[in-house]
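Two complexes come next, and they have one chain in common, chain A, joined by chain B in the first and chain C in the second.
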Partner chain A sequence: MTEPTAVPPADMETKKEGRTRLPSLLSGPAGRNVGLVLALALICVVGVITGGERFASIDNLMVVLRLASVIGVLAIGMTFVITSGGIDLSVGSVMGLTTVWATTWATQAMADDLHWVVMVFTAMAVGTVAGLVNGAIIAYGRVVPFITTLAMLASARGLAEMISNRQTQRVQSDAFIEFFRLEPLGVPILVWIFAAVSVAGWFLLNRTTFGRRTVAIGGNAEASRLAGIKVQRHTLYIYGLAGLTAGIAGAMMLGRTTAGTSTHGMLWELEAIAAVVVGGTLLIGGRGTIVGTVVGVLIFTVLTNVFTINNMSTSAQLVAKGAIIVAAVLLQQRFANRSKST
Partner chain B sequence: MSARKNLRRMLGIPAALAASALLVAGCVSNEPPEEENDSVSQDDGSGGTANDEPGETVTIGFSAPAADHGWMGAITQAALDTAEQYEDVELRQAEATNDVNMQISHIEQFINDGVDAIVLLPFDGDALTEVALDAMEAGIPVINVDRELSSPFASRATILGDNYGMGVSAGTYICEQLGDQPDAVVAEIQGIANLPLTQDRSQGFADALSDCGLEVSTQVAADFTIQGGETATSNLLQAEPEIDAIWNHDDDQGVGVLAAIENAGRDEFFMVGGAGSLDVMEHIQAGDSVLQATVVYPSTQAADGIKLARLVAQDKSMSDLVSAGVPRTIQLHAPVVTADNVDQYMDLGFRS
Partner chain C sequence: MVTGDPTAPLLEMQGIVKHFPGAKALDGVDLDVVPGEVHCLLGQNGAGKSTLIKVLAGAHQPTAGTIRLDGEQIRIPHPVAALEHGIATMYQELDVVDGLTVAENIYLGHELASAGFTQRRQAAARTRRLMERLGHPEIGPHQEVGALSAAGKQVVSMARALSRDARVIVMDEPSAVLDSGEVDNLFRVVEELTAQGIAIIYISHRLEEIRRIGDRITVLKDGMTVGRNLPVASTSTDELIKLMTGKDVEYAFPERPGVPQDAPVRLEVDGLGLGDTFRDVSLTVRAGEIVGLAGLVGSGRSEILETVYGARRATAGTVTLDGRTLRRGSVAAAVSAGIGLAPEERKSQGLVLDEPVYRNVTLASFARMARAGWLDERAERKASQEQAAALDLRPRDVERSIRTLSGGNQQKAMLARWLVHGCDVLLLDEPTRGVDVGARSEIYALVRRLADAGTAVLVVSSEIPEVLGLADQVLVVSDGRVVHSAPAQEIDEHQVLDLVMEGTSA
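What follows is the complex of A and B.
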């Protein structure tokens, strides 16, 4: 459960020793995750009380996890971007683009000749390239991430519409569809992929130089440059990574819907950002947590599930979502202020 | 409002009792039960056909795209109102969403819950087909509304508006008005161009126009929103200095379309709407705008879906058909509403 922080954690703990024990525990990295898990548990308790067996069943758990998995993979990539102090508004439309590109007549014909995996690789490659374009413009063109990825949001969606001629493209390969219907050990393949991406993301962020550099750049890009990190090249990689996760999510979306269309992933960038921020990754960068992101995604999906089980209105759910995001960001700001003042 | 509902419910009980007495009498007397056909009035569910008598209680799951648009709002409201009329229907309404990932999840939840039938208006028919197949495999009949699923196995029954027919109706009307002007400029304002329904409408429109030697000069898409209608139309009016007729696919975006037309101060053309909102019908009735006609796309389809789902779940047949069982496909009519017949259709108009 350890997580990288720009300021070494030990340092922070000592600074806060003057406070009472409980707040210092809760504001520590583990404490924040505990708080999140408690929030999730609370929603689950509400679900059990109001939904009974309809909520607390293995089948329902799988419904929740399947719903969480595609958006979850996007959120993992987003965690890296936000940890590095950036933002990627394009992941949703890039994902839409990958679903379209992977289901074009040409791609499907090639997949038919070779193997359905061609479609998955196409999605991943298209996503990665789109991400690298973002990264190159941000790192070398020195355009702020918000604008760059906003431009990509528009143009990826437009490109997807051009390629698909604004039509929905069905996946023709039965083997592809069969694969995504597999449920090894009773767990759908989509959930396995989400789990694998999460574990890989956690490892990358917490146990590799790549991860430490990401955190360092988010904490202070100039200091990182002076410390010898090639900030520009690393930024390029980070956005490439976000694009790659968008591609993986695109392939998963194809498996889930058996259709590629330019309308896939509308507004998902916002959902991904919301999950990441609620999970405890700092929007200003310098601190990121994969565990938090996963729990953040689950909070939103379980909430959706509980609302549906209780037959409640969409509008009420949107209000609840908004309230959760504001609450999370308010908590974050307090933390940010504190760490700035120390 | 709720007092009125209660009153209606209270009135409904004796009516239902009387109706079931009638049925019993019918069984005893070997005579076919009398059918009081009351197809016009929507609100009065207690006085329908023999099929409307309470049967075994069924749970119906209902899932539709977000009601972010007058027509879609009316669809959902009509479905809820219809379910409300039946004491033997327990409606589970899934959160309305334009995110197929989430809509799939709602259907999965219905399957887990073991509902008796599902009424599904998919955001994207292709994308929801797999999960509808799952539901059918689980023995839950799916009633597909409006946007068609891509496999015939994915639904027990399908209720469709006539999108192609809408285009034909609009095109034929414009032909009648402009038939003698072969070089007339006809513009078309689509909804979301991606959707198959939009392509069907445009195809029908083009086919009908070509019958009288006209063709669509300009085509823009306005994504079914007022804002989109305003933007697309301002651009269209800029691009075409002289227009003879416009067909706007959708009366909700039509609010924006009219705003743009008024802002530009243009009135050399006439406009035909689509869907049939109350607002547009009022304009047609008053004759105070370029709107001369609209083509109805019934906002009561999902309400029909609820009725069919109930019949399917209760193993009943449709009362006005001789054949057994609920039909596989029902396609609704797309009539043209003009100043001459607008009074007839006012009841079916929806507030956008």
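What follows is the complex of A and C.
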């Protein structure tokens, strides 16, 4: 686990080691996050130099955070999946499906009768069910996650197209649209939701039995099973959780765009995976960091923002993103090797 | 030392010594092999057979000693050098690639090629000739190896050795993966090879096999040659077992206080079976008792333990703990009922290597210590530190990654896991595998202390002295059946070895 946990009991041995630990701090859990924050700061410096006022303004900051929010929520769910040693390629298209399902004529009619929250709950429920289907096939059908979620990627997108008939479905409820336009304390509601999901994710991963099981299964599934952990059931829950975050992201996407369409979230699974891995979660499982994921998401969003301000083509942006992913993973492996050799 | 009749040797190993950090695996081994013979290498687990063949295969470098081939001293610095000298090794896990064809496997690493293109036709023709030489023309060069039986794969492995012009072929328990019909086939091939002047070094625990195809026997014990060039025909089973056993065990076993007659039965296994692996296993373990299962690799002993634990789903029989029958095939049910397992492969089955010691110790109990799903890491650390002190875990620091601990201390952490969990029945699979000699006595003492505190212990080991020294009651397992049961004081190593070796011939 990556975030500094509670202070270790101050017995003699830990005190002694405290002094010698300082040089290796950068390769330690906290150090990895420091490195990420430094990278983010560097990008910001470049942004200030090249963009000046246009980059370094409160308005632009809010634009960046708003853009980061939806993908960020997806990435939080993805962090759990990857920490457990799995992968979920379907979150982008499941999110698209949830936006469509929540804006069907039937759902909107019900929301009209009851409350606009019905749409949010519909999105969350659809996402969770899709995730549980993934989880059931992976855990009990013993199909590898890559293939299972690849199949879900295709079918969820197809289902979304069937339901929407490839039409854009506008959100009818004004109350819904107004809610997602709120800016408590000057910060968009989407950013507040992302923050809340991140904090909840952090506690879930670092402070609960759910998180401990996730890390243990990712570190050694067989040892976890032989210690009495119900690995299959937990795997089911993890993919369910990823589906739930896809549903939340879907609702947020509806708030941002005021329309549901089957093309929402195209290739977002890759962006979420990239942010998680750049953030320091091990792709092979056994180590995950929510803080790293949040910073990873911000790195990509700020980078896009800096490029856009400088009128760089989206093609050049893609090349830069690819380079960053490779660099981050190379660095990760060096740290991983070092920690194993000590 | 017993010495038989010497002939002009093809391969001579003299005074081979191999040190590992903290252990002497080989301490003066002599072995000489003449052309066209089947030379059997006998010895108990830990006698040094594997180390010896790894030296011969170039996987280990000897600390001292000489190896001669045709009277000329050679060095084997790496595995390719062994092949260049004409020494091929067939390990138990056959090193064939399932997805490739027979011909591709045989020429793997030394492909017949010109200008970068593989010469498939030539390779196929040569493969056919090799298969004819081995008496298996039915295995075609273009067949996929994955579709062959274990015996077929062995033939491919042998063909590969021949394609390298091997003159000495080492076979490590080749019959272990074969059924009896296939064993006959193997022996036919071995006869073909020896008729062509190739020497075979044959490692097996099964005396009946050695009697059928062996010419001479070399016996290893504690890293030394104790019997050399014994003719198979004139050496009695009794003599061989005497050479393999012996009483100079370097570690002390704790005293047995004796299990009181009225101690309650904790674990009751009745008629347990698992497909073809084992059948009709019944045993009881009382509170404070240590029951040992002795048997060879592949006899089913580890599988019995894993089935009791629910890690494998039994096909017959029941496991009862303190009168309550456990659900089949559910580890979680076994753990919550109070059974703990320290598995054979500690690193792959027991530990989450990159996690700190305390999280490994509490892996079975963190959920119980938690309150409404919220971890209580303070309690976890406290419990782990208490156990670390009680078991003398070194280093004592429970925050450290468990990867950095020695084998003995990792095993202590495994025991600590079940102590923290508080289990009534402890299953130990090879408790001292990868544990150095010094730490063994400590582990033994710990296990006995647990038993004295009322835990029922079921231990499996391939080291017979360990079972005899540690257990109160010994069950001998052979071919998936319990063939004998006796109090540890009333049976000796000789008898156990006799039972496990001869038991397989039934």
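The rule is short, and it goes like this: the second predicted complex is superposed on the first by the 311 of 342 C-alpha atoms of A that agree within 3 Å, B and C clash if a C-alpha of one lies under 4 Å from a C-alpha of the other, contacts with A are read in each partner's own complex, and residues count from 1 in each chain.
We adopt the following convention: a contact is a pair of C-beta atoms (placed from the backbone, for glycine too) under 8 Å apart; a residue touches a chain by one contact, two chains touch by 3 or more.
Everything numeric here is computed off the predicted structure, so don't read it as measured data.
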Chain B versus chain C as contact partner of A:Arg66, first or second or both or neither: first
Which of chain B and chain C A:Thr263 touches, first, second, both or neither: first
Chain B versus chain C as contact partner of A:Ala216, first or second or both or neither: second
Which superposed partner A:Gln317 touches (first chain B, second chain C, both, neither): first
Which of chain B and chain C A:Ile309 touches, first, second, both or neither: first
Touched partner set for A:Thr208, first chain B, second chain C, both or neither: second
Partner chain(s) touched by A:Gly52 [first = chain B, second = chain C, both, neither]: neither
First (chain B), second (chain C), both or neither touched by A:Thr168: first
In the complex, chain A residues that touch chain C: 5-6, 8-9, 13-14, 17, 207-213, 215-216, 219-220, 222-230, 286-287, 339-340, 342
Chain A-touching residues of chain C, taken from the complex the two chains share: 309, 311, 331-332, 334-336, 341, 343, 348-355, 359, 363-364, 366-367, 370, 373-375, 377-378, 381, 385, 395-397, 399, 401, 403-404, 417
In the complex, chain B residues that touch chain A: 66-67, 92-102, 104-106, 108-109, 112-113, 123-130, 150, 193-194, 196, 199
List of chain A residues in touch with chain B within their complex: 54, 57, 59-60, 62-64, 66-67, 70-71, 161, 164, 166-168, 170, 177, 253, 256-259, 261-264, 266-268, 304-305, 307-309, 311-314, 317
